[in-house]
Amino acid sequence: MKKLSARRRHPLAAVVVLLLALAATGGLYAAFAPAGKAQADETAQSLAIDEGKKLYSVGCASCHGTGGQGTTDGPQLVGVGSAAVDFQVGTGRMPAQQPGAQVPKKKVIYTQAEIDQLAAYVASLGAGPITPNESQVDPAGADVAKGGDLFRTNCAQCHNFTGKGGALTHGKYAPDLEGVSPKHIYEAMQTGPQSMPSFPDTTMPEQEKKDIIAYIKTVNGDDSASPGGLSLGGLGPVSEGLFGWIFGLGGLIAIAVWVAAHTAKAKKS
Amino acid sequence: MSTVTDTKRKAPAGERVADWADGRLGIYGLAKANMRKIFPDHWSFMLGEICLYSFIIIILTGVYLTLFFHPSMNEVVYHGSYEPMQGIRMSEAYASTLDISFDVRGGLLVRQIHHWAAVIFLAGMFVHMFRVFFTGAYRKPREINWLFGFLLFVLGMFTGFTGYSLPDDLLSGTGVRFTQGAILSMPIVGTYISMFLFGGEFPGTDIIARFYSIHILLLPGIMLGLVVGHLILVFFHKHTQFAGPGKTNKNVVGMPLLPVYMAKAGGFFFLVFGFISIVAAIASINPIWALGPYRPDQVSTGAQPDWYMGFAEGFVRVMPGWEINLWGHTLVLGVLIPLVLFGVILAALALYPFLESWITGDKREHHILDKPRNAPTRTALGVAWVTIYFVMLIGGGNDIWATHFHLSLNAISWFVRIAFFLGPVLAFIVTRRICLGLQRRDKEKVLHGRESGTIKRLPHGEFVEIHEPLGPEQLYALTAHEQYKPLEIGPTVDKNGVERKPSALQKLRARLSRSYYGEGNQIAKPTAEEYKEITSGHGHH
Amino acid sequence: MSSQEIPEERLPAEQDTAHGAVEVADDPFADPGLPAHRPRIQDIDERAAKRSERTVALMFTMSMLATVGFIASYVIFPVDKIVFIWPFGHVSALNFSLGLTLGLALFLIGTGAVHWARTLMSDVEVADDRHPIEAAPEVKAKVLADFAAGAQESALGRRKLIRNTMFGALALVPLSGVVLLRDLGPLPEKKLRKTLWAKGKQLVNMNTMEPLRPEDVVVGSLTFAMPEGLEEDAHDFQNQIAKAALMIVRIEPDDIKDKRQREWAHEGIVAFSKICTHVGCPISLYEQQTHHVLCPCHQSTFDLSDGARVIFGPAGHPLPQLRIGVNSEGNLEALGDFAEPVGPAFWERG
């Protein structure tokens, strides 16, 4: 708790508290309460941190250490920030089934409120990237084309042209980005989860992150257009070649069998 | 119609036109030999037609695409109708491909037909080539046509590669970059060829225009010539056929060109074209708008060439990075060896017919096809080759296999490295054993008849399955194949008692011949005596 | 060859001269000849034949309708209309309808013709004789004699001077064509050895186009940079970026195993060429936990914490490192060009 009280004076503490307050009271509150007026509620905040700490010691401490100092099974969490927690726990990656470089996405087991409490606790351990608010990740009005260009420079080498994912070394992989929420994409860029490097605001400003999110949502969403027909996974020539061989040539050979076959003979009577 | 009372029959219009043409082209002479030309019926004989028709489709759609495509690397800022590319700098080639896909009505369809037809053309040639290989159809007098076909396959690969590079998108540009890197690896001349091909440093501003003339003029021109030559030879040699009653090495049994094959082959053209159009309607291919324009500093994971180059890609991926630096020069073996292997493995396939005819010493014409089982060593060699090819295809897509089968990229590369050496050997052994097993079954069938599935109980209680003897047609078809006897070097002492030494080459040849036709490497055909003995001995059921 | 002292007729090749001299096993069973033709239903039942005729006509008629449908689709659907069609997804209405109608129009012509051939045209198998490909001996003799006469009349064999000079001229003339290819491109010279990087050039962040500062680059992040002064609309942008593209990461100085790498870095910020040393793909699949970077094209893997050493795959040498420092404005700058050529190896690289 000593550590915690020391962190209360941190310049970012107020923002954490603000976010927690927003999350705890829900979207309605966010709509009605102007951000400037929202006061940091010391009690609510420490309550969230306390709750977070309880959740932490049950679900996380075995790998990350009781104070987030890290163990051989999990990295140190001091300074990873609330954004990292929100991403890792919010996409179900944490708690991990087993420690390792690749932690796959799974069913999320905490509620958003619990995740926020966990995030508050971890954020209280040391300053780090903060969970973005809704307007920060909203792709509306962003420049999709610019996002595409940025995506090809910074992201496509691992995640493929349209974010379908790809292989890394020794069985690791960059996941498919379909269906990943804008907030989680944003947090991943900010925090660099697992093998992924981070793209901090200093080298990739917020607006560019929005552009990238807008691009991903345009080309790899549920209703992304594939004007030419079946996208065949969007994987390029391998799946096209397989389709061409199996369906294309296979179909033509089936037709050839029909063309060359002898017509049924009349039954001998 | 006429006031003149003609004693002569007035020829109908069609005949008059034909007469006119005959006076100038001699068409009656041509038609006499070809109009009722006989073609045997077998589905596998239509594989070549799939290739021919897809080639025609590619030419037709390709001409259409040239009307809209700009083979230029001038940089433009895109302002067409595809939203996610607005304001992006790109080459005119890429921009015009976007226009073909999004602004020309039907342009996307024609592009997709063109590309799907190319994928199917190459796949068709591959399967057609192996139909010819496994049935021994390349034997005399068709060796030259085998080479024509082989050249068509190789040229098809490069035509495909240059065409796929034309839109100047990020994926194909990465492929061009690879080509340039591979050219650089060539000792002494590499940098010069690279500079000359690209008109300077990579990527320069010339390569698309140069690939364009290669893709639409040079290579297809040569291919068209080869296709015509290939077809003329098919007509000239007449088609091969499988052994069967009434089918001999001196005749060809089937249906006449007019009318049956005119309708079947002509109809098949429409079937192929229609089918590929439907494929192009439902499945997207090379969506260049999703790939982005080429930039040498951008890349996407899963960068593969089209399937027919995947074999070369596999070699390049799994090769260890050997590099030798000596006397101020670099020998880039890590890239050079795959390039050489690519050529050597293809050449081995091209030259195989000549090797086989040297081993058999057979200079006769062959018009009756072998069943693959009846040439076990050839079949096994072919399967070994195909194994190398497909192992390398796996290597060429190792990243995609890794993500989709949850495997390690590195493990796949190691698997491919080992399988390159082990795979063909295993495939050879297994295939030959299967072939010999099938030969034994054929022999069994001839001698003991077909298993009828009817079980009979003999008076002393034993149950036996009734075997029905085969009819004369089946008996003939199962025994009409040719079986060579292995070559002998001959006596090592000639009739004057002088010792002669066979050359190493002769010994090699005799040894190869034994491995093809020696004891244990083929199952001797049943003889008439064996058949008589068994059928009379067993009595009739 | 040692075969010279061996009597010719003993060599295996000698068995081949006569046709059919190869030893093969005999066929045990006689060829029963072509089986008798058996009629199809259509051959004996006029109603069945009529049915076939109607089927064929129906297919041709449907093909006509499909072509009408093609034209209608072309007119009706706007080029940018996207519709959802199960199971194909959100596809272009125009592409889908045009392809389907065109495909059907063609396919139905094909099925019609083939069904016609299969059911109504004669299916009697006929045998056609083959003729030997080789010419008859008298034809061959005539051709050889003609050739000899022609060769004799040309006097090519006797007049060696003509023959030799002609071969010489014919051999030389294609050289003109080869010479003409010279201007396809410049000579390589030292072009592959130099990039745009030079002492004092600032590292420009490719996302923001602003000079990079050391504090911008945190451990675990990945940034791409190009030399200051290179503009995206420059005529040689593509050629320059193909050599100059940089990959910037920060590694705790203690984690850097290579001594020279540590010296060439700035407070753990290292700048490596983004161009793979295998065949030149932009390599940048950076795994921040291990500092391994993987090439997406051929999977060469480099260890950025150890001088970008190759640890897997077909690349033959490490990624070149650019020596960097900080200038008076606090921005990262290059302290010179790369010490070695970037990108794929080549003969003169040494």
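Letters A, B and C name the chains as they come in the text, with residue numbers starting at 1 for each one.
One rule holds in what follows: a contact is a pair of C-beta atoms (placed from the backbone, for glycine too) under 8 Å apart; a residue touches a chain by one contact, two chains touch by 3 or more.
Quantities reported herein were computed from a predicted structural model and do not represent experimental measurements.
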Open item on the list: Need the central chain here, defined by C-alpha centroid distance to the all-chain C-alpha centroid.
Closed with: C
TODO: Tally the contacting C-beta pairs at the A-B interface and at the B-C interface, and name the larger one.
DONE: B-C
- [ ] Find the geometric centre of each of chain A and chain C from their Cα atoms only, then give the gap between the two centres in Å, rounded to an integer.
- [x] 36
Task: Distance between the centres, which are taken as Cα means, of chain B and chain A, whole angstrom - done: 45
Open item on the list: Centroid of chain B to centroid of chain C, CA atoms only: how many Å?
Closed with: 16
TODO: Give me the residues of chain B that touch two or more other chains.
DONE: 102, 108, 112, 264, 267-268, 271-272, 275-276, 279-283, 295, 297-303, 398-399, 409-410
Open item on the list: Multi-chain contacts only, two chains or more: what residues does chain C have there?
Closed with: 88, 92, 95-96, 99, 114, 118, 123, 206, 224, 282-285, 296, 299, 312
Open item on the list: Residues touching two or more other chains, restricted to chain A: which are they?
Closed with: 153, 157-158, 166, 168-169, 174, 226-231, 259, 261-262
- [ ] Note which residues of chain A are touching chain B in the complex, please.
- [x] 143-149, 152-153, 156-162, 164-171, 173-174, 215, 218-219, 226-232, 234-245, 247-249, 251-253, 255-257, 259-262
Open item on the list: Could you list, by residue number, the parts of chain C that touch chain A in their complex?
Closed with: 38-45, 82, 84, 87-92, 95-96, 99, 114, 118-119, 123, 205-208, 212-213, 215-218, 220-224, 249, 282-290, 292, 294, 296, 299, 301, 312
Task: In the complex, chain A residues that touch chain C - done: 101, 150, 153-154, 157-158, 166, 168-169, 172, 174, 192, 194-200, 202-205, 208, 223-231, 258-259, 261-266, 268
Open item on the list: Could you list, by residue number, the parts of chain C that touch chain B in their complex?
Closed with: 1-3, 5-7, 10-13, 15-17, 19-20, 22-35, 74, 79-80, 88, 92, 94-100, 102-114, 116-118, 121-123, 125-130, 132-133, 181, 184-188, 191-192, 206, 224, 226, 232-233, 238-239, 241-243, 245, 274-275, 278-285, 296-300, 310, 312-317, 343-350
Open item on the list: So in the complex, the part of chain B that touches chain A is made up of which residues?
Closed with: 41-47, 49-50, 83-88, 101-102, 108, 112, 116, 119-120, 123-124, 127, 170-171, 264, 267-268, 271-272, 275-276, 279-287, 290-292, 295, 297-307, 310, 397-400, 402-403, 406-411
